[in-house]
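Beneath this line is the structure, given in structure tokens, with notes to follow.
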Amino acid sequence: MLDALKEELWKLHLMLPKEGLVTWTSGNISARDPESGYVVIKPSGVMYDELRPEDHVVLDLEGTVVEGHLKPSSDTASHLYIYRHRPDINGIVHTHSPYATAFAALGRSIPVYLTAIADEFGGPIPCAGFALIGGEEIGRQVVEHIGQSPAVLLKNHGVFTVGKTARAALKAAVMVEDVARTVHLALQLGQPQEIDPEAVAKLHHRYTHVYGQ
Amino acid sequence: MLDALKEELWKLHLMLPKEGLVTWTSGNISARDPESGYVVIKPSGVMYDELRPEDHVVLDLEGTVVEGHLKPSSDTASHLYIYRHRPDINGIVHTHSPYATAFAALGRSIPVYLTAIADEFGGPIPCAGFALIGGEEIGRQVVEHIGQSPAVLLKNHGVFTVGKTARAALKAAVMVEDVARTVHLALQLGQPQEIDPEAVAKLHHRYTHVYGQ
Amino acid sequence: MLDALKEELWKLHLMLPKEGLVTWTSGNISARDPESGYVVIKPSGVMYDELRPEDHVVLDLEGTVVEGHLKPSSDTASHLYIYRHRPDINGIVHTHSPYATAFAALGRSIPVYLTAIADEFGGPIPCAGFALIGGEEIGRQVVEHIGQSPAVLLKNHGVFTVGKTARAALKAAVMVEDVARTVHLALQLGQPQEIDPEAVAKLHHRYTHVYGQ
Amino acid sequence: MLDALKEELWKLHLMLPKEGLVTWTSGNISARDPESGYVVIKPSGVMYDELRPEDHVVLDLEGTVVEGHLKPSSDTASHLYIYRHRPDINGIVHTHSPYATAFAALGRSIPVYLTAIADEFGGPIPCAGFALIGGEEIGRQVVEHIGQSPAVLLKNHGVFTVGKTARAALKAAVMVEDVARTVHLALQLGQPQEIDPEAVAKLHHRYTHVYGQ
């Protein structure tokens, strides 16, 4: 069931190591099928180059496995919590990408020092508090702190990104690492000036309404 | 029309991700055809691995689309502004390459700490002021600050490079990131000494008159 | 003899350069065959892309070469010392991976600043003292300082990781570099807070008992 | 003429971009044929992926081109100077590899903070003074400062490495960047302790007399 979505998720999962966002089996992506409301997610602890489309697990929003021969990601409960509280979101990505996680290690958000941050995120990239892994606590932290940003950092842990599709959430995961790296490099040179909020709003509006095809 | 130039621009565009200068759809290259005066540029928000030669957009210098089935880059007005004010330039590259953009985040130019900077740039790599994206403002900043350098940084934004050909501008984009990285690494160790202007002039003259075939 | 183990070790050796953990001929992996008690190890000073399965050297635990046409790794005596003192370990990896070795250069352990460290290592990654290469001294340092961690740093030198299998030791070598990099990046931004020991214990228990298939 | 040496040099040249030591056309390798005394060197300003074995230039030690349809590297006079003053050397590599060049930018040598430095270099990696490009000045700086090390840094410029063969010089170029990176990362964390000279001598003796096949 949901074979097309599994195939898409498989392709997106392969981009995580290619983009340098994950190591060994870390990280995961899920997608919600808008029609059935079911969620498809990575199986737990599987190497990316051994993952196959049919290995993805299908669950309902309460966590009952609808289909799948493998155990789902240990972040599943948090993904489901986010989907239940954010009907606008159909895709979630979790990584420990190194530069973004360096900010997360300190519980530090990333200010709008770059036009690329204004474009993609529309404001600072927030940082949520620490939460244990395995239950809904991470999901609660994400929902509480992410606001309208497509990305949130998790203290001492890593990154969650969200989007209308899993592909949009993956784009946010790629971009958060990219801007975190540039901001990290800039902070080693001195203190950048934040872009003023009015300019941030204009940049974000143009990027989300005019940019692209 | 201008099929050979589109083909060349397509090849140069593929080098941007290969050289680590761009992320997702960011960055763009344009070229001016010296005969017709028309400008060929990347379409807006297209992934590099999906870009085809025929997707490039052809415009005249006033911004009228002459040929193309896609919307041109949202930096088009600034590219055209540069071409109108710099008849010596037929190629422009724009990136957010991380090390150069770290200097740009701070509005900081890159002094001549390396023979490679003297060779390629002939002096410090200047930094222009902040400008919004979408209109000619970035083009105006570039023209005002770039001088005889093939590269200029844009405050809180990224890099523009120019050249007699798009290939020359791409070379400058690769080299500005390379020297920005080495200078960044050096600045973490201490304060390098600038090469004296007389030596800079000699190095640049040799590189542009003797080096190569 | 032990052809399957040599084949596996060869595949694991090829992952060392692919994962960026070694340079030129540096680094090595060994595995103990649980049945015979023999140890298979990389030959000394061989390039990874020239290494073949049949080039691996087989020794008994006292260092007598049982099979092999090449000289064994110059770290062999230390690998054997570890196997003799840790019957629970059947795989050992040694690298000079850059971020982990930066901590090692300072004789500095890596605290639990990240959930990924709690997950994989269950506590801080310890650092052993300086030892000369060629004899058992490194093995003694490893056994004395590694405790229940799968990884230990060696002052002014590099990293040793251990596991129930060579593959598990390789995973630890990949993860120690990954978390060393993120912690290094975090320390450039400020001082992260350690995860409290109770949470570390819970995370490690979940990762080693629930995570995976 | 010297077709085998050209073929080998071509293969070594291709390793420079693969190992991340050069950018665009920067860097070069030369080799001296021990029988004829002729030197084979990279042509000036040629892209690595366009270089062919037959493009290499053959010169005698005084700089007369013996064979070749292209202009030799603009560092040729310095390579020849080194060969004339160091009959023990038959291979030279020049790069601007980023971490080593960061130390060079500051005119700073690299102390023996790692066993890998003791192994390969047998002591600190020295830094020579600034010299203009094109004549013998760089060669003079190299000969004056390199001593028995296979590598020397050039102030505000880059790296020269030497060896009994071009392959040995390439290994030194790879290793100098590797250790420069790890030392750079260590210096961001604090002040490493140098390995004491007696241990350095023992490590270097073992590496050059026992290590390898």
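So that you can tell them apart, the chains are marked A, B, C and D in the order they are listed, and the count of residues begins at 1 in each.
The rule is simple: a residue touches a chain if its C-beta (ideal position, glycine included) is under 8 Å from a C-beta of that chain, and two chains touch if they have at least 3 such contacts.
These numbers come from a predicted model, not from an experiment.
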By label, the chains that touch chain A as well as chain B are none
So chain C and chain D: same face meeting same face, with over half the numbers shared, or different?
-> different
Farthest chain relative to chain A (centres taken as mean CA coordinates) = D
Centre to centre, by mean C-alpha position, how many angstrom separate chain A and chain D?
-> 44
In angstrom, rounded to a whole number, how far apart do the mean CA points of chain B and chain D lie?
-> 31
Can you list the residues of chain A that touch 2 or more other chains?
-> 188
Every chain pair meeting the contact rule | A-B, A-C, B-D, C-D
Contacts from chain B onto chain D in the complex sit at residues 113-116, 119, 171, 174-175, 178, 181-183, 185-186, 188-193, 195, 199, 202-203, 206-207, 210-213
Any idea which chain C residues touch chain D in the complex?
-> 23-26, 43-46, 70-71, 74, 96, 98-99, 101-103, 105-108, 130, 132-134, 156-158, 184, 187-188
